[in-house]
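Following this line, the structures themselves.
Note that chain A is present in both complexes that follow, paired respectively with chain B and with chain C.
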Partner chain A sequence: MSVFSQAFLVTWLTAGIRLGGPVLLAALGETFAERSGILNLGIEGILLLGALASYLTSIHTGSLWLPLFAAMLTGFAAALFLAWMYVTVRASQVVVGLVFNVLALGIAATVYRRTLAHASPGPIAMFQAVHIPWVSDLPIVGPTLFSQTLPLYLTLVLVVVAHFALFHTRFGLGLRAAGENPRAADAAGISVPRMRYLGTLISGAAAGLAGGYLVLAQIGLFRDSIVAGQGFIALGIVIFGRWSPWKAALAAMVFGTCDALQLSLQLLGTHLPEELLLSIPYVVTILAISGIFGGRDVRPAALAVPYAKEA
Partner chain B sequence: MRISRRSFLNSASTLALGGLIPRAPAQGRPTKVVLLLTGVINDGGWGQLAYEGIERLRADPRFYATYAEDITLAQVQQVARGYSDDGFDLILGHGFEFSSALLDVAPDYPHQAYFVTSFIPNHPVPRNVMFVNMGYFDAAYAAGALAALISNKRQAVGFVGGADDPNQQRMKLAFIAGAQRTVPGIRGLGIITGDYDNAAKGREAASTLIGTGCDVIWHAADVTGLGVIQGVAQSASSAHVKVMGCYSDQTSLAPNHMATSFEMNLAGMVTTTADAVANRTFTGGTEWHPTVDKMWLLRAGSHGKYNPSLVSAQAWSTFQQLWSSLAQGKIDVSAAVAALQQ
Partner chain C sequence: MIQLSQITKRFPGIIANDAVDLTVRPGEIHALLGENGAGKSTLMQILYGFHAMDSGQILLDGQRVSITSPADAIALGIGMVHQDFMLVPTFTVAENTILGLREGTGAMLNLKRAASRIRELSEQHHLAVDPNAITGTLPVGVQQRVEILKLLYRDARVLILDEPTAVLTAPEKYRLFTVLRGLRAQGRSILIVTHKLHEIMELADRVTVMRDGRNVASVAVEDTSGPELARLMVGRDVNLSVSKLEVPPGPSILSVKRLSVRDHAGQRKLKDISLELHPHEILGIAGVDGNGQSELAQALLGLRTIEGGSILLNGRDITEARVAERRALGLAYVPADRRNVGSVADLSIADNAMLTQPRSNTRHSLFNKTLIRARAQTIITRFGVRGANDETHASKLSGGNLQKVILGREIMSAPKVLVVEQPTRGLDVGAIESIWAELLRERAKGTAILLVSAELEELLNLADRIAVMYEGRIVGVVDPASATAEQLGMMMAGTPLEPTGVSS
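Right, the complex of A and B next:
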């Protein structure tokens, strides 16, 4: 098999898009939080809680959509707590977010062990790849783009919705103003705390949903280590995507395909050290977020800066 | 070098009491055992199986057994020292990550025993530290051979590894050697994912191997391996693809695809070591070499040792001969791996 063969391309690109899906969903939500001025580092923990909620709901209901809803609701509830800490208490966003991830791991491990660890319920019902007549049979793009699961298509629809909401609505304008210049936004009658609450809640709901996506469309199991840093990767994708949903989608797919490329290249006998191949996605992401290729100017100016209205 | 009177007296008393040989627990007090893990006890594999050994010890009144999980690399030495200060008779570090930390800590507690589930390093080790060769490479060679024997297409079989460490790299090579030597003409392939906890990546590694023509896949990647099993079960061409489990019996995860599982007898390793400390037969400074058939058990849920709808009787019979030869040391896996590397 060579890198130009159809089998190689289909296997690589399909895997890459699948790997990019949950990361993109979490990154989309985080874009809203960061555009409002909130650096929500707690999304790694929210992903884990969402994954657990979807797994437990699936075991008890056997449904596919209800677990996704449960994951979203769990993410929303966790984000409500985080938003209170970030916006109302005005605690350090970095410290709260990181500590929340540790707390979430503890909660997930405890709940899982108390409810299921000894029951060994095994895999749950999962979303299957959807075969779309005609287009799924097209060479290369058919299996790559049109034989994916519904959560991936839902995520792609959300990219369009997110772009429209952020850049073509009054809500989006207010949210971005809260993240760029909260004092000016306040003077213009925009409630900065409200915008920041909404941004964090959207981020939490999306991260919870991404956890559900991971379980219901990719793994079908739960272990308290399954998120494996994907929340942190989503944070990198937001910067890589220059705080834009479209670019985040592109960035997530670049990351996913780079991640999948190192798997495929190992089978080609390239004689490159595996350490080098394994580092490809991370090197690409680090270079992209480093600012070497521009993009520093689009970072929300008031990101991670708590806001207090002057008396 | 100045030797203080205190250090001289300490050294003399240590020698008089038998050097660095661990002392048996005081009469009437249970042997205190702690299992240290960088992972978790419910991972369904590596950590869980060792923890089952702790549970067995808890049922035995001769022992007081506990565990500490999710220990970060930065905490390893501090945690090991803490349990040593608390007077634990046996401190089991589960994984190579504990090797250097326990080697540092052990000389300060000469009457306590330390056990690392990893290969012995190339330099001398204290007499209260024991290592173990768990027959990874023999097991990987056997897995490669069995994968080749049960392959329907006889084109390619695949291995998925976890972290990019020398052990996993060598397991990959042993798997490939086992496959290619057992069924000439078949290709052995391997992917190292770089991660033991990324099930999503494990799934894609399986998909990549299937896309390359593999119809039997074995993993040694812990939680990442759970994704490998799902990757086989969810693959569009999964009807013809078989998977083999590792570390624990994973039949329930994909009953229609799981040919067998190479289960590590880690619980037995924990209880045997604890017994040795309690009975004062623990021999530190060495590497324990259990044979592959004692360290690895073949399991397939209610089917017994293998799933007969996925493994033919003839293939199993051939495999049994190879398994027996490995246990008797008649197959030189190191030589097979070296030949592959040339």
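Right, the complex of A and C next:
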């Protein structure tokens, strides 16, 4: 099989879009947090907790949608705590977010060992690819875009919803004002804390959902290493995507195809060491976060700056 | 009609407002006058819901109202143009205008309708502005129009303007006054916070003077005079008339030749600047903000990479010298941004006072605390820093007192050349009087002073020569004795005049 054959291209792109799904979902949520002025680094941990919650719910209920809902609820609850720290306590967002990720890893590992390590649960119910009639028969775009799972379709719908909410509603205008110039938002009669709570809660719900997505549509089991930095990659995608849902979707596809490329290259058996290939998506993320591709100029001006009203 | 009655507000350690009464009638421009720290801003922030008052009440048309947030104030028809504008730079004018409004149908934004309403309002009130422009790209004067349009869009009946002319050029100022008179004619109440006496005499109908948190007088403008208002505001007679010693200039001490500087974006900010500065001389630098004046001061101090040209201090080439070397050779600097560049907010006066020459405060390489405190004490007494001791943090000082600390520190280093940027920006007459006196005392001692200022009055009063900068060049040097404000204004707008023969 050659790298340039159509079969390879289709397999590669399909895998790319599939792998980009959960990070895109998490990135969409993070876009809301960051647009409101909150840098929620805790989404890495929330992804893990969401994955755990969905796996446990799946084992106990066998349902498909209930675990997804449980993942979202877990993310929401975790974000409520984080929002309290970020907005009410006005703690350092970077420190709280990073430490929360360590805490989440501890919680996930403990719960997993206590409840599941010695049991051997059978396979869980997973989302299967849904072929959309007619369009899935088109060459290349059919198999790559229209033969994916329901969570991916849902994520793509959310791209449109997120764009609309941010740029065409009063809520989006207020949220963006809170992240760009909180004093101006305050003077205009907008509650900055409320906007920032909402932004953080949206990012938490989306990251939780993305954790469930990972388990229920991609992996089908739980390990405490399951997230493997995808939350951080989502943070990179937000920057790469210039805090815009559309561009985040493109950035997630770039990440996904990089990831898929390293998988494909491993299968093809290149002479490159496996570790080097594995690192490709992470290197791309670091480059994106560093800002060398630009983007610093469009960063929300009050990002990660706590806001205190005057006495 | 809006009435503030017996408003009292305490902050830890001070009473910002002490039982203040203020009444503003419809169709009236009411000026609120006071020194920095007199409590004007606090009072306005209470009226706009940014601060909560400890006691007192606010009556709107005789009805008692409760204002606990800006949203409450807006709902009651009270709007405010803050000194630092409350605009989101990345938003369009239309987005900024409707930010926070609950109007129209549901949760959707209708930017098209907002834009057409803004066009209507801007035509009606002569406030030309493009609703689709990105706010951050607009000149300051236009941003202020956006702020006023925001209030008109909400149909505010009471408009509060905090130091509205601080950032405006003279023509912009007159346009603003015309707009405000038009709004008065519609029966709106306008409250303008200022410490500029001549603006009050020109624009306002009535004036309330505040001092130390109290209302010391509310009078009709026609029944008072500038000197009387100054006396009410400061609490003593103020003398701004300057008498200068005529001193023959000696040989030049600072010599700048064909200096060129670029900014971070590669834009040329200084183009072939040449000037000579002599002992016993104040060389004024005039210009509209952003025409290279700050860059010139920074380049002299070594804060900018120099692209071409040379700087000679006392015959020595310091073009490549580091900041500390330049200071050691007798250069001193009072920057325009006294809060962020001139001082460190969370350090005490004592620590701030030794920042520029830490070495001279040590014994056996360790700081000598006694010496440092004594030095701070000297500055506080000699320069009249009020309500502070050597341990007071810079952040707790008013603008005037902080400026005295900074100027005092620089003067105490016995400089040969003193570079001063906007020394009295935002200060009240009392503080201006003492800063001017200090600068003239330095001139008499023989210090050469480069004075960058946006206040023409300041330049005309203090300077021996005035160089006008436009787009990074010196477009002319004039003699203040024969120059007029109009002439300088023309040159600042880029019309070169024939030099009057005093350039060297």
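Miscellaneous remarks
Note that the second predicted complex is superposed on the first by the 281 of 311 C-alpha atoms of A that agree within 3 Å, B and C clash if a C-alpha of one lies under 4 Å from a C-alpha of the other, contacts with A are read in each partner's own complex, and residues count from 1 in each chain.
The criterion applied here is as follows: a contact is a pair of C-beta atoms (placed from the backbone, for glycine too) under 8 Å apart; a residue touches a chain by one contact, two chains touch by 3 or more.
Owing to the predicted nature of the structure, the values given are computational and were not obtained by experimental measurement.
Steric overlap between chain B and chain C is absent once the structures are superposed on chain A; the two fit side by side. In the superposition on chain A, contact is made by A:A260 with chain B only, not with chain C. Set against each other, chain B and chain C touch different numbers of residues in chain A, with B touching more.
With chain A as the corner point and C-alpha centres for all three chains, the angle toward chain B and chain C works out to 130 degrees, nearest 10. Of the two partner chains placed around the shared chain by superposition, chain C is the only one that A:H168 touches, whereas chain B remains out of contact. Applying the stated contact rule after C-alpha superposition, one finds that A:D224 touches chain B and leaves chain C untouched. This overlay, made by fitting chain A, leaves chain B and chain C with a least C-alpha separation of 37 Å. Across the interface of their complex, chain B is touched by residues 1, 7-8, 10-12, 14-15, 18-19, 22, 105, 109, 112-113, 117, 120, 122-123, 126, 128-129, 147, 214, 218-221, 223-226, 228-230, 259-260, 262-264, 266-267, 274-275, 278 of chain A.
Residues of chain C that touch chain A in their complex: 11, 45, 48, 50-52, 69-71, 74-75, 80, 82, 85-91, 95-96, 98-102, 107-109. Considering their complex, residues 39-40, 42-44, 70, 164, 169, 189-195, 197-201, 203-205, 207-209, 211-212, 223, 226-227, 230, 233-234, 236, 252-254 of chain B touch chain A. Every residue of chain A that touches chain C in the complex is listed here, in rising order: 168-174, 176-177, 180-181, 183-190, 298, 301, 309-311.
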